[in-house]
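In the two complexes below, subunit A is the common chain; its partner is subunit B in one and subunit C in the other.
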Partner chain A sequence: MLRFIAGRLVLLFVTLLAASVVVFSISEFSPGSVARKSLGPYASQEQVESLTKRLKADDPLPLRYVRWLGVLAGVIDDPLQDPATGLDFHDPRGSRYFGNLGYSTLYKMPVNDVIWDRLGNTAILAGLAFAFIIPLSMIFGVLSGMREGSKTDRTLSTLSIVLTSIPEFASSVFLVTLFVILLPLLPGTSPLTESGQWSMASQLILPVAVLVIYDFGYVARMIRISMVEVMEKPYIRTAILKGLSPRRVIMRHALRNAMIAPFTVLLLQVNFLVSGVVVTELVFAYPGFGRMLLEASLFGDITLIEAATLITVTVAVVTQLLGDIGYMLLNPQVRID
Partner chain B sequence: MSDFPHAKIPQLIQDLKSGKMHRREFLRFATLLGLSATAAYGLAGGSDPLIGSARAEEMPKGGTIRIGMRCQEIKNPHASDFVERTNVIRQVCEYLTITGQDNITRPYLLEKWEASDDLKTWTITLRSGIKWHDGRPLTADDVVWNLKRVSDPATGSSVLGLFTGYLVENYETGEKDDAGKPKTSSRLWSDKAIEKVDDLTVRLNCFAPQIGVPEHLFHYPMFILDPKENGVFGVGSNGTGPFDLTEYTVGKSGKLTPRKDYWGDGPYIDALEFTDLGDNPSAAISAMASKQVDGLHEADALQINAMKGFDHVAVYDAVTAQTGVARMRQDNKPFDNPKVRLAMKLACDRAKTVGASLMGRGIVAEDHHVAPIHPEYAKLPTVERNVEEAKKLLAEAGFPDGFDTEIVTRPDPAWEINAVQALVEQFKEIGVRATIKSLPGSQYWDVWDKVPFSFTGWGHRPLGVMVLALAYRTGAVWNESGYSNPEFDKLLTEAEGTLDVEKRRAIMDKIETILQQDGPIVQPFWRTTSTVMDKRVKGFQQHPSQYLFANQLAITA
Partner chain C sequence: MSVEVQPAVAVNPLQPSSRRLFRRVLRSPTALTGLFLVAFWVVLAVLAPILPILPPNDQDMIAMGNPYPSAQHLLGTDVLGRDILSRLIFGARTVLQVAPLAVAVAMIVGIAIGLLAGYFGGWVDMLIGRLSDIVLAFPVIVLYVVLISNVGPSVFNIVVATTVASAPGIGRIVRGLVLVLKHQGYVDAAKMRGESTLHIMFVEILPNCRGPLIVDACLRLGYTIITIGILGFLGLGLPPPTPDWGGMVRETTTVINIWPHMSLIPSGAIVSLVLGFNLLADGIGEGNKQR
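Right, the complex of A and B next:
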């Protein structure tokens, strides 16, 4: 077990390294220079060149990558924080420490000061959505999978398919029209600042609702399929035939086995909720991770993009690890010793 | 004559009285030459609207005003490139001059300015008694430091571009670039260019006459910052303005609290807040609908349409010299041929374009980039659409079947791409098949002045000659079309140095005609900029440059 986890951690490290190289190289082809974007269209070529030099953005790609890696590992000082550049980049943590994600050229702040707040906001949104997606999808999935083809099954399945097929931007426009414009019950945006009469909690309702509506139907469908399969298994028939109540059959025998396959699917939703919520964040002006990543990418803020990549890759690998461990706990057949 | 700050003012008054000069033109030039706005309005008949606008005792006191606006990074005020950034900084740090909603420039941190007869020496005098928030008096040294800082290319300020040609000169550094061409840089033309006279007085010694100096001092990055802070701005920064910046999170929100000791009008509110609503236009509508914000920085025609049904929302407009031009590079085929350029202009259905891309929120333009609200504007006949004539010109130029081309634009703001789509349809009718290449903003600004054919949005400038000098003079910094016409250059220099109104209008007539017939732009319209505010917000006027002055604002409970 320990060897397994250690192996996975090594894999995580390799994946991180590979992803960071790929992202660095691809960003190289993204149009426009950061210096131009910082100074705006009306700056002269000379001004742009001078800033490019000070940002050390004209160094060759491998050199910049190794430098970024060295700064991250805390082996070298962040050259952009050198007062001689005149950039006035200053990290209160110092210019050399382990986990130095560098300086964001878009926000003109240390990446560590930008990214964790944004990630935290998205975690709130994702966590709340997840807290609704799990029970809702389980109820829908189990109820419809219990008796395949029944009226309940058909009703719930249709509902899940319909809801999942509505893209987030459409459902958000619909919800805003209904609950903000027609019946002014909820705030139309979620900037997470005290704004007028609207509490923070009220600002979370609509974005969470949009995510839940979009996502839970898909997971419910997965649980349903798995449930249908399990319900056909001989041990279920045995349980029913030995006279157990349907409730006990479902809760004791079917549910645990039916959750094995959808468990991975559920964990995959974590990845979606961390980096895939950008549409919802845009529509509701939610200051989250997805919106930040979009803006960083448009600007070409390589340190911020890299930091976001490291985080999303880590989240992906860790949820996969958790998935595998959970799989083992749920299904003794795949246990490794 | 000695009663007036400039020797030419009596002549202006004469021109006004004899009807040679329009009232608006008189106001603009008399104030630029140092006559106070109050006096100028008095002479022209009327009262200064800026003074009338803020009747302190009638303004409600207290309350918070929230504005929906992008909260961009604001660390380097002198290098600000978006009005949004400066709307935050502007509440803390101030300008030497202020151009009002009426396009008249007045002294602000200044008591007055005086221009020499040849318009080459400008003496600017600070208002006495203005103090920084930390209690230190504002002095001429502070002003000199700021003016010199923006003139240094390393600062990255766009003021440098405005100063070039009278305070700042281009020179060869002696180094060569990779292509072997000599590198050039900019510097103040002389050590004496910006000179301290006494504690409250600074003199600008220019190498060329320039009438636009007071307006350049109101260019959005031209803040007077505390030299001690070395050009860096942030929460708690020192300033002379009506507010302190107390909280600011890029991409999220900002908060400013009023100062009790402000030297000017107001502030009347307890707090000013900015909320970042992102780039999604519907988020701004939602935020107005649920009253999470009391106003927006800007609202486009589509947003205003969507908010028509909101009873609590008022729309504010400003007629501006903001525009978009489809510009053709003169050094590229087929646009090197003036007949082709003229044919493109004749293809344009201006009224239709205003309707299609601005939903009617604008007025038609005449291809010469001088707006009817500019004081030196000379009325020319409008270019009427004439498809037959355009086709004939194309045939004469050697394109009887038209030609294929590509027009570069960007997807945002929406009115730009909408205008391009409308124009492309109109060009099609004369046989010019243009494909639209829409580049993301960042990539667009790398090529905007290089590609053969593109569409460019131009900001509002109070004087027509300002933009002509920036965009169409041979070799000018922002000459995106590579336009070079010695006759035009000569006339423009003449116009910049001519104060006699009839002479100048005659010159402007010639300049505009050259651009209309030979020039590199198809200019369909002038935009009206708009925004919305909650009806509870008092004292708001839409500024043509979209500058926000929160000390003038109040809100009812």
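Right, the complex of A and C next:
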């Protein structure tokens, strides 16, 4: 078990390195230099060139990548914070510390000041979405998987398929038309600031609903498949023949076993949620991580993109690891060595 | 998938003949509904150039004052006075060219790595497995957004991005199937006959992976259409003025308070096409299971 976790942590480390190299190399194609982005569009060509020289931004790619790693590890100073650049980029934590994610040229703030608040906002959004996805998909999955091919099964399965066919941007359009324009019950924008008529809670309803609609149908279908398989097992037949009530068969025997496989699926949804979050946050102007990632990519803010990549990959790998550990705990037949 | 390769010995439960597959689709109401939705858009997309519709990029300045559906513009016009019906049909043409291309390339790459990993096992399997883990851990949207915002939007880049993102998943499915199939009698028979490794992989094993792969391809077509829609919506889709459903929603969400039909219609279109592929996958999958 410990060896398995250690192996996964090594994989996490390798994945982080690989992802950061890939993102760094792709950003090479991005138009505009770091110096130009730091100085803004009205700086003269000489200013840009002299800053480029001082930042050593003309060095070959591998050298700059290693320098970025050095700044992150706190071994060398962040070149953007050097007072000699005249940029007035200043991180209150200092220019050399472990976990220095660099300076965002888009927000003109240290990445560490930009990223964590937004990540927190996104965590609220995703957490609330999960709080609905899990019970809803369990109810749908168990009710339809209990008796395969029954009327309930067909109705609920079709409903799940229809819901998973609605991408987030389309469901936003539908929900906004319904609840913002036709029946003005909810706000169409969620800046998370207490503004006059709309409370914080009301601002969260539509973004959460959009995430739940697209994701829960998929999870429900996974639980349904697993439930159908369990219901065909001999021990379920034995339990029924023993004369147990259907409720008892389902609650005592089927449910726990049917939850094993979807457990991993549920945690893999975190990865899906990330992409849903980008779209949803864009639609509702939600001050979160996904919208920041999109803005950083469009602007070409390489330090911010790198930081966001490291965080998303870590979240993905750690949830996968938790999923596998949970899977082993739930299912005594599975042992990984 | 209509290639009629029939290895001398192979009668495998996983392998539907194309004719039987078609009959199965006709018998399942779910699959039939899906087929109808997909066929509806395919026919419109194919016939787009000869249908009596306005050119998709022509601006009708007079209609801009009253962009609602009219005799001239059956579904109304968008903010720039372009005919929505025409852009919808030409948009179907765009998505139905890009999505199948992207899925086909991802399938080829995925099948190749899956066959290699499953058939050879050992360090090849190990290497491919580890690389797949790394790619699968990478949140897809980050890859799309970072790649396309930096390299620029084009069909080629969309195909590359979707291939990188979905090939490992397809590879895993194929690998799993190969692990079962490579111990079948007919594979041993082919080995005894002295057939080459390539022959065994592509003629003996691959055709028997058809059933699950057809279902997976349908599901992936749905996802890819959603992905292309999301990219268009984020402003990373095909460059304007190419009609593209996601882009149509993006261009009109700012006026959704005044003219909601401009965003509602393309959103509905994308849902109907994705639903078509999902229902088709579900219907065929149920059939696979019953056999």
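One rule holds for everything that comes next: the second predicted complex is superposed on the first by the 306 of 337 C-alpha atoms of A that agree within 3 Å, B and C clash if a C-alpha of one lies under 4 Å from a C-alpha of the other, contacts with A are read in each partner's own complex, and residues count from 1 in each chain.
We adopt the following convention: a residue touches a chain if its C-beta (ideal position, glycine included) is under 8 Å from a C-beta of that chain, and two chains touch if they have at least 3 such contacts.
Everything numeric in this text was worked out from a predicted model, so none of it was measured.
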Partner chain in contact with A:F284 - subunit B first, subunit C second, else both or neither: first
Which of subunit B and subunit C A:L51 touches, first, second, both or neither: first
Touched partner set for A:L39, first subunit B, second subunit C, both or neither: first
Partner chain(s) touched by A:A19 [first = subunit B, second = subunit C, both, neither]: second
Subunit B versus subunit C as contact partner of A:Q320, first or second or both or neither: second
Which of subunit B and subunit C A:L106 touches, first, second, both or neither: first
Touching partner for A:V173 - first (subunit B), second (subunit C), both, neither: both
Which of subunit B and subunit C A:S165 touches, first, second, both or neither: second
Which superposed partner A:I181 touches (first subunit B, second subunit C, both, neither): both
Subunit C-contacting residues of subunit A that also contact subunit B: 173, 176, 180-181, 188, 282-283, 298, 300
Of all residues in subunit B, those that touch subunit A in their complex: 66, 73, 75-76, 79, 81-82, 153-154, 156, 158, 160-161, 183-186, 230, 232, 249-253, 273, 275-280, 282-283, 285-287, 289-293, 439-443, 445-446, 448, 477-478
Contact footprint of subunit A on subunit C as seen in their complex: 30, 130, 133-134, 137-142, 145-147, 149-152, 222, 226, 229-230, 233-235, 246, 249, 253, 256-257, 260, 263-264, 267-268, 270-271, 274-275, 278-279, 282
Contact set on subunit A toward subunit C in their complex: 11-12, 14-15, 18-19, 23, 26-27, 29-30, 157-158, 161-162, 164-170, 173-174, 176-177, 180-181, 188, 271, 274-275, 278-279, 282-283, 290, 293-294, 297-298, 300, 305, 308-309, 312-313, 316-317, 320
Interface residues, subunit A side, partner subunit B - complex: 31-33, 36-44, 46-47, 50-51, 86, 88, 106-109, 114, 117-118, 173, 176, 180-181, 184, 186-189, 191-193, 195-198, 281-285, 287, 291-292, 295, 298-300
